[in-house]
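There are structures below to look over.
Next come two complexes built around subunit A: one with subunit B, the other with subunit C.
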Partner chain A sequence: MANKRLASFKGIPLLLTIVWIAGFSAALFFLEKSVLAFIGVLFSIIGIYYTNTSKTIKLILGALVLLVIIPGIAGDNRYYMEVASQVGIYVAMALGLNIVVGFAGLLDLGYVAFFAAGAYAYAIFATSQANEFIPGNLFPLSGEWFWPFLIVGLVVAAIFGILLGLPVLRVKGDYLAIVTLGFGEIIRIIFNNLDKPINITNGPQGLTPIASPELFGIKMNTPFYFYFIVLLVIAFIVLANIRFEHSRLGRAWIAIREDELAAQSMGISLLKTKLTAFAIGASFAGVVGVIFAAKQTFVDPTSFTLMESIGILVMVILGGSGSIPGVVLGAAFITVLQVQLLKEFSNFLHSLQSAGIINLPNQLDPSKFQRFVFGILLILVALYRPNGLIPAKRKKNDIDAIKNSPHANEKLGILARLTGK
Partner chain B sequence: MLLSILPQVLVDGLTLGFMYAVVALGYTMVYGILEFINFAHGEIFMVGAFVGTEVLLIADAMGSLKGMNPYIALVLMLVIGMLVTGALGVGIERIAYRPLRNAPRLVPLISAIGVSFLLQDLVRFTEAVARNEFYLNSPILFNNSINLGFASIPQKALIVIVIAIIMMVALTLFVNKTKWGIAMRAVAQDQTTASLMTINVDKVIMLTFLIGSSLGGATGVLFAQNYGTIDPYIGFILGLKAFTAAVLGGIGNLRGAMVGGIILGLLESLAGAYMGPLTGGAFGAEYKDVFAFSILILVLLFKPEGLFGEAVKEKV
Partner chain C sequence: MALLEANGLTKRFGGLVANQDVTVKIEKGTITAVIGPNGAGKTTFFNMITGFYEPDEGDILLNGQSIKGLRPDQIAERGITRTFQNIRLFKEMTALENVMVGLHSRLSAGLLGILFNSKKVREEEERARVEAYKLLQYVGIEEIANEAAGSLPYGLQRRLEIARALATNPQIILLDEPAAGMNPRETVEMTDFIRRLKRELDLTIILIEHDMKLVMGLSEYIHVLDYGRKIAEGTPEEIRNNPTVIEAYLGKSATEAS
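This part shows the complex of A and B:
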């Protein structure tokens, strides 16, 4: 029954989507502080994805919302732009992890290590910290260096990924989860203690002030600018995800995820393929790390705990591992839940408490419910929706089209059999 | 100076090692039967620590602790702690693992990670409501120590070791001599064949979780008695290390888990004490967790079957 109804569901009518966008945009415009309106606008992206219309119109609508409506209406509101750029940062990270967990099926519980590598790569050189071990008083670098450092962060994290991956990826399945978890913790402990013998990371004190990005003399130190920087990076990562998914490499990843032994016997080099997944996923986290460091202007090891890794994993699993729209939804949902809903709820409870209505122990503050929420979500998703909210679609090859293509007559490999000649 | 602390370091290492060993038994039993890493096992250990300590605190508040023989108090803590954690383990298996027994391998692991985080926060909530704090300071029952001249052995450490040994011996006897123990080994070898031999596989798996979890819970009680302060996050890192111990000894192998735990405890204690002085203070005790994880990685790379395990060829 439900399946039939789902199959006949072609998508949301275009008009409804436009009304939705217009309605929430107007609400956001007139009601300065309406969080709901803001979330409505953010989630209209999902609505657009499900709208029954052509790809071009969807793209135009999406670009309109992201590039015009959100910065246009909420651009002067620091808080909204902060939330939007945070959502963006997590979307980008989750898409990176999606390559490792979703496509290649490698459960990585230490993903935040690569994020840390990127963040520290920029932070060390964009503060005076690098003077501690490089003579010549050359540092801190100015904000213009932010742009080349996006590439540096990418490369550093990719190298980290390969170095970690080489030993780790020989291990299989659930062992891999434990080993990556261990490695994530090792990296954090090392960053936490690398203030001696040579002071590289400044230990638990962290690094500050990190230079904000600069472009043509404009200092980009507000969430408004970071929103666009993040958007640019997401566009790049989404594009990479889409291109990878059905490429030769992407198909090899999926083959390994489904059955390592079968993939291996079809001539796929296990270690090399897994290593590329690890390195590519890591490099995305590295780029995002650079942005994160520049945005926060402060990094210390507490930003890179296991909880971060688990949070990103929850985003991927909840949304649907291997499914790009799913992962975007999962990341947006979890981030909004964390930075918005739980905080609002906790503010609400605090106001009740100060009014003397309830007595709230400090430990029951909803903003500390992270583990509880993640735990419940992981269990429920595993039990009832193991493929996530928006399951990944497998691309179907049209055999008739292949038969009719000019290549069909070339007697090559499997094609020769398909045509029956 | 370095040598004079050695006996003390060894005693600490042994105490830690025996705790790792008993927790590792829980991992290894479940893995032996289901080929699944019960990620939440460390949290079961943590729940055991809290239950035991709460029993002690409540008895103390009621005034019934005064004049009570400390050994009876300890047994009471252990029994209640084991009952609660045993039931918890069976409940978790029933709700979060059993429906996923035929799912792809990563799915139950994800569920287990969820259970682990859920338990951490549930304990934190309970303690926050009950005591307005999330950590507990446990009264210590045994404060004496036995002086041997070259080292002094705290009585509480001795108790940890003795009880751990009793549990290990009991488990070994159970697995090797009783009907249920034989059924357990049969299921570990081949579930389908075992079920054809009229063994109730579900019941055996439940029993495995019951025993593994109550052993973990008992270790939690001992941990709280030995170190005094507990919080909801102690189970995570200890669980990880106990898992390392299980891998080191050869996962699925009971004797391996025991030996692996003791070796890991000793190595960690030695590393914590000597790494700093030996490297001139550059890498001190703060790296001792790194040390344990490195062992895990090295074992998995070079001897994945562990010290006592058999190398398994993958079948198509």
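This part shows the complex of A and C:
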């Protein structure tokens, strides 16, 4: 019954989406403090995704919201831009992990290690830290180096991914989860202790001040700029995800997830294919790590704990493992919940308290219940949407296009042997 | 020279000897059956040929070259493919995509080509879709091309698994109980279908099967395993009248009674 209703659901009418966007944009414009209005605008992206219209219009609407409306209306509000860029950072990370967990089915609990690798790659050279082990007083590098370091972070994390993957990917399933968990912690502890004998990471004191990105002499040190940098990176990562998903490589990943034995007998090399997934997922985390380091201007090992890895994994699973829109939604939802909703709710209750309406003991402060809310959410999703908020779905191929393909009359593969029989 | 030679294959699992000194020669373009009671080591034999198990002793030659110690994916690339006793499809993928996975080692798209969606990759993908669709047509299930493989009825899943195996462009295809769980009419259809594979595609076919009617009607040569050893080989006629085989299947008293 429910399925039938879903099948006949053609999407939200275009008009409704536009009204939604306009309404919340106006609300955000006039009531600048309204968190709800901001969330309304942010999540209009999902509305656009489900709108019943052509791809081009959806893209234009999405670009309008992300590039014009949000920075236009909320651009001078530091807090909103900070939230938006944080959402972006987690969306990008979750999309990277989606390749490893969602596509290739490799449960990785040490994902944050690659994020750390990227962050430290930039942090070490964009502070005076690198002078400790490279002579010549060349550091810190100026903010212009941020851009090439996006690539450096990507490469460093990919190398980490391969080095970690080589031993780790020999085990499967639950064992893989445990081993990656261990390796994730090892990396964090190494960063924590690599201040002696040679001081590379400055240990638990962390590294600061990390140079902000610079472009054409503009110092990009506010959330407003980071918002755009993150958008750029997300655009790249989403595009990569989409391209991979329906490619030779993506099919190999999913084949391995579904059945390793069958995948092998189709000529798919397990180690090579898994390593590629690991390296690509890691490299995305590396890029995001560089941005994170530049945005925070400070990194220390406490930002890269197991809880972070689990948080990102929750985003992927809650949104829909293997589903690109699902993972974006999951990451956005949890980040907003984490940094905004619970805090706002706390503030609201505090204001009630100071007005003398309720008496709230400090222990019941909602912002302290983050993990609890996480848990409840996961249980609810497991019960009612076991495949995530937006479950993964394989694209249907256009059979008519296949029949009318210019290659339709070529002799291909084994069927070439049919000639004359 | 035989296309495939297994010389003295032995495989032990702890104290259990699953295959002992099994020697089998397969000529090109034949249909060979491997039969035997439950637990005789037939699937172990298949798993050694396809690289899932490495033999403890003995050697496997394909066209005179040893393929022992190669990984399953390398053996698949060399032209030996298989289906599984308990169908192993990629359930979440569509039927068409399942066949496209079979094309994997014959496609060349690399990381950067995919990322930048190069013309070469786009063309290769289109060719792959066409070929996969034609293979579905060949096995007669093209109308379910866009269905998720896991949702298909049993008989179609069997056919899809064969289409997927054909996509690797094999010389030899190993079918592990292709007619298991089928009714008599479906079994006859499957028999015709396997015969057609051999005739039209020049395939060499090795199959494990319990359905004696299918085995006797289809295969040109039969190897019989019992307790991990090969106890007989020959044409269906020879095997039917072989007292050792009858004894293995029916017990000692059966031979004495006859």
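In this text, the second predicted complex is superposed on the first by the 372 of 421 C-alpha atoms of A that agree within 3 Å, B and C clash if a C-alpha of one lies under 4 Å from a C-alpha of the other, contacts with A are read in each partner's own complex, and residues count from 1 in each chain.
To be clear about the criterion, contacts are C-beta pairs under 8 Å (C-beta built on N, C-alpha and C of every residue); 3 or more make two chains touch, one makes a residue touch a chain.
Quick caveat, the model's predicted, so the values are computed rather than measured.
Visitor: Pick one for A:348: touches subunit B only (first), subunit C only (second), both, or neither.
Guide: A:348: touches no partner chain.
Visitor: Considering only touches as defined above, state whether A:383 meets subunit B (first), subunit C (second), both or neither.
Guide: In the superposed model, A:383 contacts subunit B only, not subunit C.
Visitor: With the two complexes superposed on chain A, say which partner A:269 touches: subunit B (first), subunit C (second), both, or neither.
Guide: After superposition on chain A, A:269 lies in contact with subunit C alone.
Visitor: Determine, under the contact definition given at the top, whether A:186 touches first (subunit B), second (subunit C), both, or neither.
Guide: first
Visitor: So in the superposed three-chain picture, is A:251 touching just subunit B, just subunit C, both, or none of them (first/second/both/neither)?
Guide: In the superposition, A:251 contacts subunit C only.
Visitor: Touching A:30 in the superposition: subunit B (first), subunit C (second), both, neither?
Guide: neither
Visitor: Going by the contact rule set out at the top, does A:133 touch subunit B (first), subunit C (second), both, or neither?
Guide: In the superposition, A:133 touches no partner, neither subunit B nor subunit C.
Visitor: Kindly classify A:261 by the partners it touches after superposition: subunit B alone (first), subunit C alone (second), both, or neither?
Guide: both
Visitor: Would you tell me the residues on subunit A in contact with subunit B in one complex that are also in contact with subunit C in the other?
Guide: On subunit A, the residues that contact subunit B in one structure and subunit C in the other are 261.
Visitor: Where on subunit A is subunit B touching in the complex?
Guide: Those residues of subunit A that touch subunit B are 105, 107, 109, 167-168, 170-171, 173-175, 177-179, 181-183, 185-186, 189-190, 192-193, 196-197, 261, 310, 313, 317, 361-364, 369-372, 374-383, 386.
Visitor: Tell me, which parts of subunit C touch subunit A in their complex?
Guide: Listed in rising order, the residues are 50-52, 71-74, 76-77, 81-82, 84, 88-94, 96-97, 100-107, 109, 111, 114-115, 117, 121, 124-131, 133-135, 138, 145-146, 148, 164-170, 199-202.
Visitor: Where on subunit A does subunit C make contact in their complex?
Guide: 240, 243-244, 247-249, 251-252, 254-255, 258-259, 261-270, 276, 280, 392, 394, 396-397, 399, 402-403, 405, 407-408, 410, 412-415, 417-418, 421
Visitor: Enumerate the contact residues on subunit B facing subunit A in the complex.
Guide: Residue list for subunit B touching subunit A: 36-37, 96, 99-100, 103-111, 113-122, 124-125, 127-129, 132-134, 240, 243, 247, 281-282, 286-287, 289-290, 293-294, 296-297, 300-301, 304, 314, 316.
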